[in-house]
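Each of the next two complexes has subunit A plus one other chain: subunit B in the first, subunit C in the second.
Up next, the complex of A and B:
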């Protein structure tokens, strides 16, 4: 069985950045396993610009952004296998994978970085009633057909869900000659970035109907129309508010689900809120030496933060491998130095990543990312170390569609030797 | 001129075709859809019923029990998925115990083996997720689950290999008596046969009424279902039925042969023979009623919903036999539940009727076995490695949810009566049937279909007809 110090599952933005960072942190034996025909993941079909403003201080397209990392992977001579599907990972980090040339093979990994990304929620998950004709696509599938294959999925389009991919596709379909009639959103607020609503809908005069959903799909062979209705506070359609639209296509942008079948299979603890692994300050899961980053951990809005998070996972995995090596040389077990403190997400904060911090092992400045559960205006984000408030930052507006972050200083945490809990919350004025 | 024309390539038509291919006869199956298994046979509970439901002495009861007994051997001969997992009819009210007893008695009268009533404690040991208020259940160890597509396609492929012709996209418009037999007008031109089998599902009344003065009526009875992800597949380990009673008919909860969990169906009569649209009310009813007998159902795991139409005949009985005022015209009508279970026995009965009418002789070249598409996931690792060495396409995963390889998809397209649409590939391989519902694999499967069928991607359909996936190329209207 071949052995690598670090095996990275997925060659998208998270996997690439983790690989580069692990290599730069001094680990040489790294393998990326990618199921598609090229590295870059979903970025390859994101041909619009707006990527890299934080990382590279310039506006890149998705493939250009991926290209920057792919170049580094190649320069650093990091190994990767394409067309390769990981079938299984055992809890002792034996990775079983498959492709046409190597067949079914096993690799022993010193550390594993989970970077499989996410998938789109389907129509079935929403249980939208009606027929099941052709012409219903998840926005990402339509994006692939248009941007990578050059085919137009439809001419008269209704979009359900105002997630970022849906908004981007509203503009793309318009540019390719389709007529996008309306974007409907179940929630009273959009799930996408403000800039995408402006640039993809407002600029093209496409209406956004909040608190609306699709209650019927017509057409037996191909979509012929849909019915929208307004919903009440509980998301139930309000009778009498139905509006019919003639269309041949319904695009769905109704949420992303971290792709954790492999993680679950190997025994990684998953969060009910994010559907991603529960991780500590090192982005390490409950299984020692198994790390997670990017959209498999929690769904991000901006790839820049995926890269940043994945770089941390790469550094930590490299450190884990190196420490494991020296522990082996000394014949000692991993010592549980420092203390682990839980981060409590309350009062409007739905979750935090990480959800626990070891004060000894954390970096000098630890980024904690989170999302809020509703729209908050002129509120504060606060962090408490037990009873003491150490951060109180004014935020003019916060929404579920935009990821938030706070930074914790290690020296500040170390000043609280008896620290029991860190609390992150939204506070009204 | 055919000896026999079978109208309808659903499970009863294809079972009949396969049984008839045991004889020397020119047999043709006419199907209005683009593939086999496109009507009632594709959207049902996928259960091999034990046989205690139908009234004692009915043809339904007889063929149900017979069909159930044939399942094991047939699933081996024709290589489709079947598991005899047993079923439980849950009684939640002591006052309704006589109904449970009546079901037991009827089952015994119908010849169902191994039936017994299990009390609360044993029931909970058997199924920990049974609802708290369950007091007893009727246990039927002979009930099972089957892959309805797998069985239907297996019948059809085996029939085709034994010489039966299949004509798809062929819709029957009229049938007339001739001196030599029957003339069938279709949208693809006329066909002639000495003998006709009417296995047209919800349209069996329309076809029957073309030739007979004794009119029949088939009412499509819609059933809505929800399918849950494999993560929920072991929530119950047997088929769980509700005891029909003062709480209504209830819905069933069952694992599927592929490891998902299926809940449903509703029973809503409709006029529309193509009305396979689910409704909000129907789906809500399924979700609500499923929870009555099984607790803690993970409803968040629903991956799709669908509806099927039962071909309900007003007397709730199978109508199988030569039509009185139409010699050589054989009805196979009113095949609603337990039609899937009974289909092996229906095939035998129909072929026997036709054999007598036409005085058919045995076909010595008949091959009774068929190999399905290999499932590499069921292979030991070394065998799977060997398969990939021989054919690298088995190393290339196309559907990531169901882990279906390119090799399986190519086989599905290239074999007799191969798939020509995304749904055809899906029913044969499960590509697109998983939790992402074809979001990931559909562009890839379209590419393979286009390549194999010598078509452009823009011609590939979801399910034949006007169900094209893409409508043009970028900017073609600008």
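Up next, the complex of A and C:
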């Protein structure tokens, strides 16, 4: 069986950044496994600009952003296999994969980095009644068809869900000659970034109907029309508010789900809030030496933060294999113990990543990312170490669609030797 | 005095920016958190521009289409002219990121360049 120090599952933005960072941290034996025909992942179909403002201080398109990392992977001579599907990972880190040249094969990994990304919620998850005609696409499928395959999926379009991909596709379909009639959003706020609402809807006069949903899809062979209705505060359609739209296409942009079948299969503990692995400060899961980063961990808004997070996972995985090597030399095989403190997400904070921190192993400045559960105006993000409030930052506006972060200083945590819990919450005052 | 409420698109923060106008003169810009917001707001009320991204067909490559963009932003009212000018454009592989696909698109003086290799 072939052996690599680090095997990375997925060659999208997370996998690429993790690989580059692990290599720069001194680990040479790295393999990336990617199921598509090229590296770059979903960035290759995100042809719009706005990527890389944080990472490269310039505005790039998705393929250009991916290209920067692919170049580094090639310059650093990191190995990768394309067209390769990972079938299984065992809890002792044997990766079973297959492709049409090597057949079915196994690789023993010193550390595994999970970077499989996420997938779109589909119509099946929404319970919209009606036939199942052609013409209903997830926004990402439509994006791939238009931008990579060169097909226009339809001419008269309604979009359900105001996630970023839906907004981006409203503009893209409009530019390609389709008539995008309306974007409907079940929630009273948009799930997408504000700048996408400005640049993709407002610029083209496409209306955004908040608190609306599709209650009927008409057409048997092909979509012929849909009915929108307003919903009440519990998301139930309000009788008498129905509006009919004639259309041949319905795009769904109704959320992303981290793709964790492999993680679950190997026994990685998953969070019920994020559907991603529960990780510590090193982005390490409950299985020692198995790390997670990017959208498989929790869905991000910005690829820049995926790259940053994945770079940390790559560094930590490299440190893990290097320390495992020296532990072996010393004849001990237990990881150095330290104090692990849970992070409690309460009062409007839905979750945090990481959800626990080992004060010995954390970096000097630890980024903790989270999402809030509703729209908050002129509120504060607070961090408590047990009873003591150490951070109280005013936020003019926070919404579930925009990821938030706080930074914890290691020296501050070390000043609390008996620390039991770190609490992150939203406060009115 | 006229007022225009904008959302800055300079970065993902999306600051709500208010521009106070006296006729065509900008009196004040407020609500922005960085100089980019000020610059965006001033430009947006006088000369709004956008980067346009699209795709063109490629022959002889690994992929059917390559993605392209205007190298710099172009006037907002030229977006559709730009997209129309790209209709029917086909390029031959190899193409590299940054290659000019269509020079001086729609009389804007801005080139359309490739954003992926093929």
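Following the convention adopted for this analysis, the second predicted complex is superposed on the first by the 427 of 429 C-alpha atoms of A that agree within 3 Å, B and C clash if a C-alpha of one lies under 4 Å from a C-alpha of the other, contacts with A are read in each partner's own complex, and residues count from 1 in each chain.
One rule holds in what follows: a residue touches a chain if its C-beta (ideal position, glycine included) is under 8 Å from a C-beta of that chain, and two chains touch if they have at least 3 such contacts.
The shown structure was predicted, so the numbers you read here are calculated from the model rather than taken from an experiment.
Of the two partner chains placed around the shared chain by superposition, subunit C is the only one that A:302 touches, whereas subunit B remains out of contact.
In the superposition on chain A, A:193 makes contact with subunit C only, not with subunit B. In the superposition on chain A, A:146 makes contact with both subunit B and subunit C. Of the two partner chains, subunit B is the only one touched by A:154; subunit C is not. In the superposition on chain A, contact of A:420 is made with neither subunit B nor subunit C. Look at A:407: by the touch rule set out above, it reaches neither subunit B nor subunit C. When the shared chain is aligned, no partner comes close enough to touch A:377: not subunit B, not subunit C. Contact with subunit C, but none with subunit B, is seen for A:59 once the two complexes are overlaid on the shared chain. More residues of subunit A are in touch with B than with the other of subunit B and subunit C. Common to the subunit B and subunit C interfaces on subunit A are residues 146, 148-150, 176.
Partner subunit A is touched in their complex by these residues of subunit B: 226-227, 231, 274, 276-280, 282-283, 302-306, 381, 384-385, 388-389, 392-393, 395-397, 400, 403, 435-440, 442-443, 457-458, 461-463, 465-478.
Those residues of subunit C lying in contact with subunit A across their complex are 6-9, 11-12, 14, 50-55, 57, 62-65, 67, 69, 76, 79-80, 83, 97, 115-117. Partner subunit C is touched in their complex by these residues of subunit A: 37-38, 44, 47-50, 53, 59-64, 67, 146-150, 175-176, 193-195, 197-199, 203, 301-302, 402. The residues of subunit A lying in touch with subunit B in their complex are 35, 83, 85, 87, 98-104, 119-120, 122-125, 127, 129-134, 137-138, 140-141, 144-146, 148-155, 176-177, 215, 217, 220-222, 237, 248-249, 264.
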